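A quick write-up on the structure given underneath.
When the chains are written out, they are named A, B, C and D in that same order, and each has its own residue count from 1.
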Amino acid sequence: MGFGQLPYDVAHLLGGAMLLLSFMLLYQRRVAAVVSVLAAQGAVLAAAAAWQGFVQGAPQLYLTALIAAVAKAGLIPFALRWMIRKLALARGVDPALGIGPSLVAGVGLVALAIMVTLPITTGAQALAREDLALALSVVLLGMLMMITRRNAILQVVGLMSLENGLVLAAVGVTGMPLVVELSTAALVMLVLVVAGVFTFQIRGRFDSLDTALLHPHRGEEG
Amino acid sequence: MPAEFPLAWALVFLPWAGAALLGFLPRERVAALVNIGVSAASFLLALLLLAEPVGVQGWTRLDALNLPLVLLSFLIGLTTAVYSYGALAAETLDPLRLRAFHVAFQVFMGAQALALLADNLGVMWVAIEIATLASVLMVGLHGTPAAIEAAWKFFILCGVGIALALLGTIILSLAARPVVGEEDALSWAVLREVAARCDPGVLNLAFVFLLVGYGTKAGLVPLHAWLPDAEAEGPIAISAVLSGLLLNAALQAVVRVKAVVGAHPETVPPGALLLAFGLASVLVAAFALWRRRDARRFFAWSSILHMGLAATGFGIGGPAGHLAGLLHMLGHSLAKSAVFFGIGAAVRLRGSQRIADLGGLCASYPALGWALVTGILAVAGLPPFALFASEFLLVTEVAATHPWVILPLGLGLLVAVAAKIHTLQLLCFGDPGPGTPPAAGPEKLHWPSLGPIWLHLVLALLLGVALPGPLRAMLGEAAGVVG
Amino acid sequence: MLTALALGLALLGLLALAALPLAGHRLAGRIVHGGCCVVSAGFALAALGGMAFGLPEEPLRLPFGPAWAGMSLAMDGLSAWFLLLLGLAGVATSLFALGGAPRGLVAWPIFLGAMALALLAADGFTLLLGFEAMSLASWALVALDHREAGNRAAARLYLIVAALAAACLLPCFGLLGAMDFAAIRAAPPEGWRAVAVLALGLVGAGAKAGLVPLHAWLPLAHPAAPSHVSALMSGAMTKVALYVMARLLLDLCGPVQPGWWGLPLLVLGVASAVLGALRANLEEDTKVLLACSTIENVGLVVVGLGLALLFRGADLGAMAALAAGAALLHAMAHGLFKTLLFLVAGAIQHAAGSRRLDRLGGLIHAMPRTALAAAIGLGAAAGLPPLSGFASEWLLLQSLLAGWRLGEIGLQMAAAAALALAAMAVALAAAAMLRFFGLVFLGRPRSPRGAGAREMGRLQVVAMLLPAGLTVLLGLFPALALELAGEGIRQLVGPMVRPPVIGLALGAGEGHSTYAPLAVALLIGLALMLLWAVVRWRSPAIADRGPVWNGGFIDPPAELIFGDPLSQPSAAGMAQPLRRMLGGTLLAARERVTLPPPGDPRPARLEAGFEDRIGMAPLTPAARIRDAVAAQVERLRSLTIRGSLSLVFATLVGLLALVAWLEGR
Amino acid sequence: MAVLGAVIAQLLHLALMLAAAPLVLGVVRWLKARMLGRRGTSPLQPLRDLAKLLRKRPVLAENASVVTEAAPHLAVAVTVVAIALVPSFAHGMAFAPVADLVLVAGLLALARMALALNGLDVGTAFGGLGAAREMSFAVFAEPALLVSALSFAILAGTTNLDQIGAVFRDGALGLRVSLGLAAVAMLAVALAENARIPVDNPSTHLELTMVHEAMLLEASGRHLALWDYQAALKLTLWLALVSAIFLPFGVAPAGTGPLAWLIGLLAWAAKMGTLCLALAFFENAIAKMRVFRVPEFLGAALLLALLAAALLFVSTGFA
């Protein structure tokens, strides 16, 4: 495998698509739209996993792809939407850091990710290296989203896209044992459940998902 | 027992089976007793590990580093269960939440065992994640605003942390992939062997993510924000197991990874990074202690301090450094959980966990008061308890090898000890402040409350100055395992 | 012998444990204090025997210890000398406690045992273990009456200073590079490491010994404890700190160190001596007064140690031996008479119900035996011949008078100035002790309770007369004591020297100047007898008793049964001359006299006070800085969830950038 | 034989001192009076006073303790021992080996303590006042004395009075500025210790600036006699001290016989006479100073002594 070959181009294309979707997550102004972008990212992730399975001839990656497709592209967005509807959330995103600045910051993070990965992984296969750079960017962008959005749901979304980045990195590595994918997928579900529980509790307590409202309730006030 | 089902897994699944059982037990008393029973059984099982051969077995490993930690974990699990038997009755919990607590507790214990015993880094990661989620549930158990805030912060921060740790793990295996042939690229044993041949750049990248990821779990400054609030909410048992067990598991993970990355000569020295985090934790926590008004949060911050000290020990490395770090982890778990037991009893009696409301314990409840005095002295690292020994070794070793580190370290230690003495006197000495409920007749404290405290303190004492030969040999060996 | 000592330590531990179940039992006090008394006597005998008939060569390795090494005990001349002191003080104080109400039964044996452990330690860990356990146990005893806010503050400051001492001494052993004393002696530190050891050791041991400017805790903590505890704290514990200083700076760091090492000791010692003695003249509480005089005596001992270092650095072996002998002898003398004096203060407090000089008076009539013991102790503290205090101070002054042999003019001037200040401190101590005795035992009672005072029980009286007798003996036979301490002196200044002794007399330098206390005592006694005979023969008349003349003052009105209190000297009044002469400059002393207008019958009032700014100097700024930093750190905590999350994020990005940069290079 | 001579010399010296003490006091008073143009009392008057006081029946205050009885005896005895150590006409007397300057200072401190205790015993205002001041003055006097002793210690290599005297007598050292400074310092200390003008006024009572007399207000009969005698002894001791150290001419060397003693005796008498004269002249020449200027007076003495030592450091080869 190497540059200019089909497997590489496709994998790279898919990774790039995920990165692009991460930027769209940052760009969106409406919660519903954010969720659908997350779903799209999950779908692309599934495709990427499947492609890697095909390239590496590793059947367990198909399973990963399946899980990703079902969970990330299907269940989670559905659950989130249901939650939004159930809790009748405000539609707006009200970012702590403006859309424009967060995009700029995102570009900076991508630059950092490439700077860190490209020069160093000379030993590893080019494929993994490229994917690693992309995955790293996706992860960083996910974190950026978590810290620039006030809404609890959006923070969960950030976490999800961060996990997408993880899986992307994981499938990029040839011969990664199945345990990781499985556990990742399982834990993503668990995380979602816990998150849901708390979102309901927060909602029930504070009639809002703006986590800033939690702040005054730190123990040891005054 | 058959090799394909080693004792290690039994240690994991026994508590989980117990959790499943507890899930269906409606009666509170029975549940608490069963909880104790399961904990006792798994403690005995853990004792059997002493007879096990050291080495890797599938996904698990048993060596001198994690053996004492496992034993300690199940011991504290047992004492915590015993303590909760008396304590939970006073907690205002509806049966459902109580059941949830017992289930989560046992799940946590199983995951803890797995996290300590895992050889496969992936498995270790999974275990720590499960333990985290279980403790998140326990933290949020009360459902008060403060509890929800703490739990949410815990969940978000550790969720991110764990994700970063996973990324680090993946990158690590990516680094090892080219050089391990057919072997498991995530096995710690394998990684230590091949690390020297890996690409240093990838190792660096992996270590950064693993350090930040597991460091968040270990509550190292500046990744600590979740810890004080998480340890201060939920049943007191949480404080005990969080500071006593989960932090150790996370720090042990960091240390094992450091051992791998450090095995390569050209990497950015991982010890230096760990040392920096450790010193930052010591200094920040030492000064933060002076601003605490909430007893449980005070001791949560002191957990950050002690994790920082242990990290410093592992950071300077060398047999002495590692020994100091390990000894500090063990001693801290014992002493800190003892103090939390005492604080919990006091909070129960006084109905508040503000230091101002707890004042004058020695006057109103002498037995509890003096037990707490002893415990806090032990936590403050005063002789003759284990933390004195470990801090002695740490400081002397630092002075011998990294003299310039002694300034921040000594400053932090001094400020922290002063803060603890200050709080100790506020809590235990003087007359009970106005507004505190008077001691209702004879002290209503029975052995489940005081017994664990003294047991822990006696063990900390032995660990400090009277370590039996075999244990001493094991600790020395443990220092070598990651050396 | 070491095994026996170790068993003694174990026995003390058992007593502490036994005190738990015995608490409240009728015999608890008897058992614990009696046991402590016996064990202390054993310590004293063992040390005496060791110094007289040869010390154990090999250190004793204990079967247990910390995780990395075993603990080991050893007894050389130095530790034996201080162990003897500890034993004697322990016997007296335990005896005194035996007669009183049983209190602090758990901490007391630990206190004794920890001190013995620190003295017998043969490695750094054991030493510091004992040292810190000693501080801890005495802290518990100081905090015994923790319901009084003053005692709480004192206890807190006390333990924090102890922690400071530990924080300084721990790195010392790290810098020395080894735990085992023998190994350290084999490879003494050099260069900046040695200097760091000097600084840290001086601060660490000095803080625990109450050396200026780290002395503020001492006048607070020592009085707060029960009297027998204060006695042991002042008499023995400060000596343990001095032992650590001597062991660390003179013995372990070895003769390779330069002579100027003695200079900081000399300066700090002299400062402590003068300041402590002056404060002792201004304080108005008996126990605080005694605590301040402890600061003074600690200072004198440190002066001796510093001189020993200076002389050793200049290869003046005999002079070094003189100075070291002075330090050791004064440590012993002070240990004994200060123990005695604190016991006296306790007896007074118990009998007359107050510690304040202005509430006491005339007790010599009610408590003659206590008065006798006090007179001996105060005489020794005032450095009067032929008592122990004078012998040691004679040696000290002689070694200061020999300071000109140091050759270098700077050192000569320093020694001359030190001589002047040391002499001043001695005279100040004399003034303070006179004030103590005059206000407490002489004159008229100043309170009804004081008028009703009675002599203490037999045990307490014995407990006071024991150290009194020892003080006299030490004063008459200091030469024998120094012969015993010879091994310790060699430990400090070199194997070649011999103690400054000529037969039964003390001899300085080439032995030109000598002090033969026995001869002096005999001469005084002879002169007294002859004088008495002559006076009786020439003036046989029996003395009449009549009302006090008092310079023609009118008799007090009948309702003032104790006479007119205003016509008796008061504590503040006795302090007035020195307060005006020295207090203003050294202690920021102030006075205010309020005179009522003419014709107003109200008496004039004198308000006097002072504050020890030097003692507070290290404390207040430290607290201010601490609070400022803590306030800054607190801002970290006030971050929201997103804030702390971005902190994690920033850390990650920072580390990534760091790695990228490091690899870019 | 030498031992016998030493013992005899010692006894003679002691007898001489005991006898001379009241005379010295009387002579000083008489000289002062003559200088002022008064006839003055005979130099023997102090002896008569002593005899008369001894005959009187002493009166003690009701609350006087054993201290009042014991203190005067102790003070006199101690002063006698001290004075026995200061060589007068011969060196190498029996007590010469123990004749240490620091010891003398200690003995004087003991006597001072006894005096102060006597002042405090019955708890009268004046007694306390005097005691406090006496002790406070000593705080400045003792350093001055010891630092001036430092000069002798450097030159003679010892603080033993006998040897200091011997070394100085042989004149190996010649005349030194430093010794002059030390002498001035020591004279100042002597004035303070003996409660002479300008520090105190020995011839007044109930003056608010008084120190020494204030402590004796309650003493009467034999006690007062003892105190007066002790004062006389102390004055004599100090004069003898000064002459023994700074004017050691004509003192009989150790081991010499009666003839040398006689010369020494005459020389000593001459020296004491001159010192008395100087003292009387000085006391007439200046006025008493305020109590709280005494520290400056003695502090100046201390500085002079330090200066002497410094000069020695520079001049002698020791530096």
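The working rule: contacts are C-beta pairs under 8 Å (C-beta built on N, C-alpha and C of every residue); 3 or more make two chains touch, one makes a residue touch a chain.
Bear in mind that the values here come from a model prediction, so they are computed numbers and not experimental data.
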{"item": "Chain whose mean Cα position lies farthest from subunit B", "value": "D"}
{"item": "Selected interface, A-C versus B-C, where C-beta contact pairs are more numerous", "value": "B-C"}
{"item": "Approximate Å spacing (C-alpha centroids) for the pair subunit B, subunit C", "value": "43"}
{"item": "Where subunit A and subunit C are represented by their mean Cα positions, the distance between them in whole Å", "value": "69"}
{"item": "Whole-Å separation of chain centres (CA-atom averages), subunit A against subunit D", "value": "100"}
{"item": "Separation of subunit C from subunit D, taking each centre as the mean of its C-alpha atoms, in whole Å", "value": "35"}
{"item": "Subunit B residues counted as touching two or more neighbouring chains", "value": "149, 152-153, 156, 160, 164, 201, 204-205"}
{"item": "Per-residue multi-chain contacts in subunit A, two or more chains", "value": "116, 119-120, 143, 146, 211, 214-215"}
{"item": "For subunit C, residues contacting two or more additional chains", "value": "641, 645, 652, 656, 659, 663"}
{"item": "Chains touching one another, given as label pairs in label order", "value": "A-B, A-C, B-C, C-D"}
{"item": "Complex contact set, residues of subunit C against subunit A", "value": "640-642, 645-646, 649, 652-653, 656-657, 659-660, 663-664"}
{"item": "Of subunit B, residues touching subunit A in the complex", "value": "120, 122-123, 125-126, 129, 133, 136-137, 140, 143, 145-146, 148-153, 155-156, 159-160, 163-164, 166-167, 169-171, 173-175, 177-178, 184-186, 198-202, 204-205, 229, 232-233, 292-294, 297"}
{"item": "Residue numbers on subunit A that touch subunit C, as the complex places them", "value": "96, 109, 112-113, 115-116, 119-120, 140, 143-144, 146-148, 150, 211-212, 214-215"}
{"item": "Contacting residues of subunit A [partner subunit B, same complex]", "value": "116-117, 119-124, 128, 132, 135-136, 139, 143, 146, 152, 155, 159, 162-163, 165-166, 169-170, 172-177, 179-180, 183-184, 187, 190-191, 194-195, 198, 201-202, 205-206, 211, 214-215, 217-220"}
{"item": "Subunit C contact footprint on subunit D (complex, rising order)", "value": "54-67, 69, 73-74, 76-78, 80-81, 84, 95, 97-98, 100, 102-103, 106-107, 109-110, 113, 116-117, 120-129, 131-133, 135-136, 138-147, 149-150, 153-154, 157-160, 163, 206, 217-218, 221-222, 225-226, 291-292, 295, 302, 305-306, 309-310, 312-314, 318-319"}
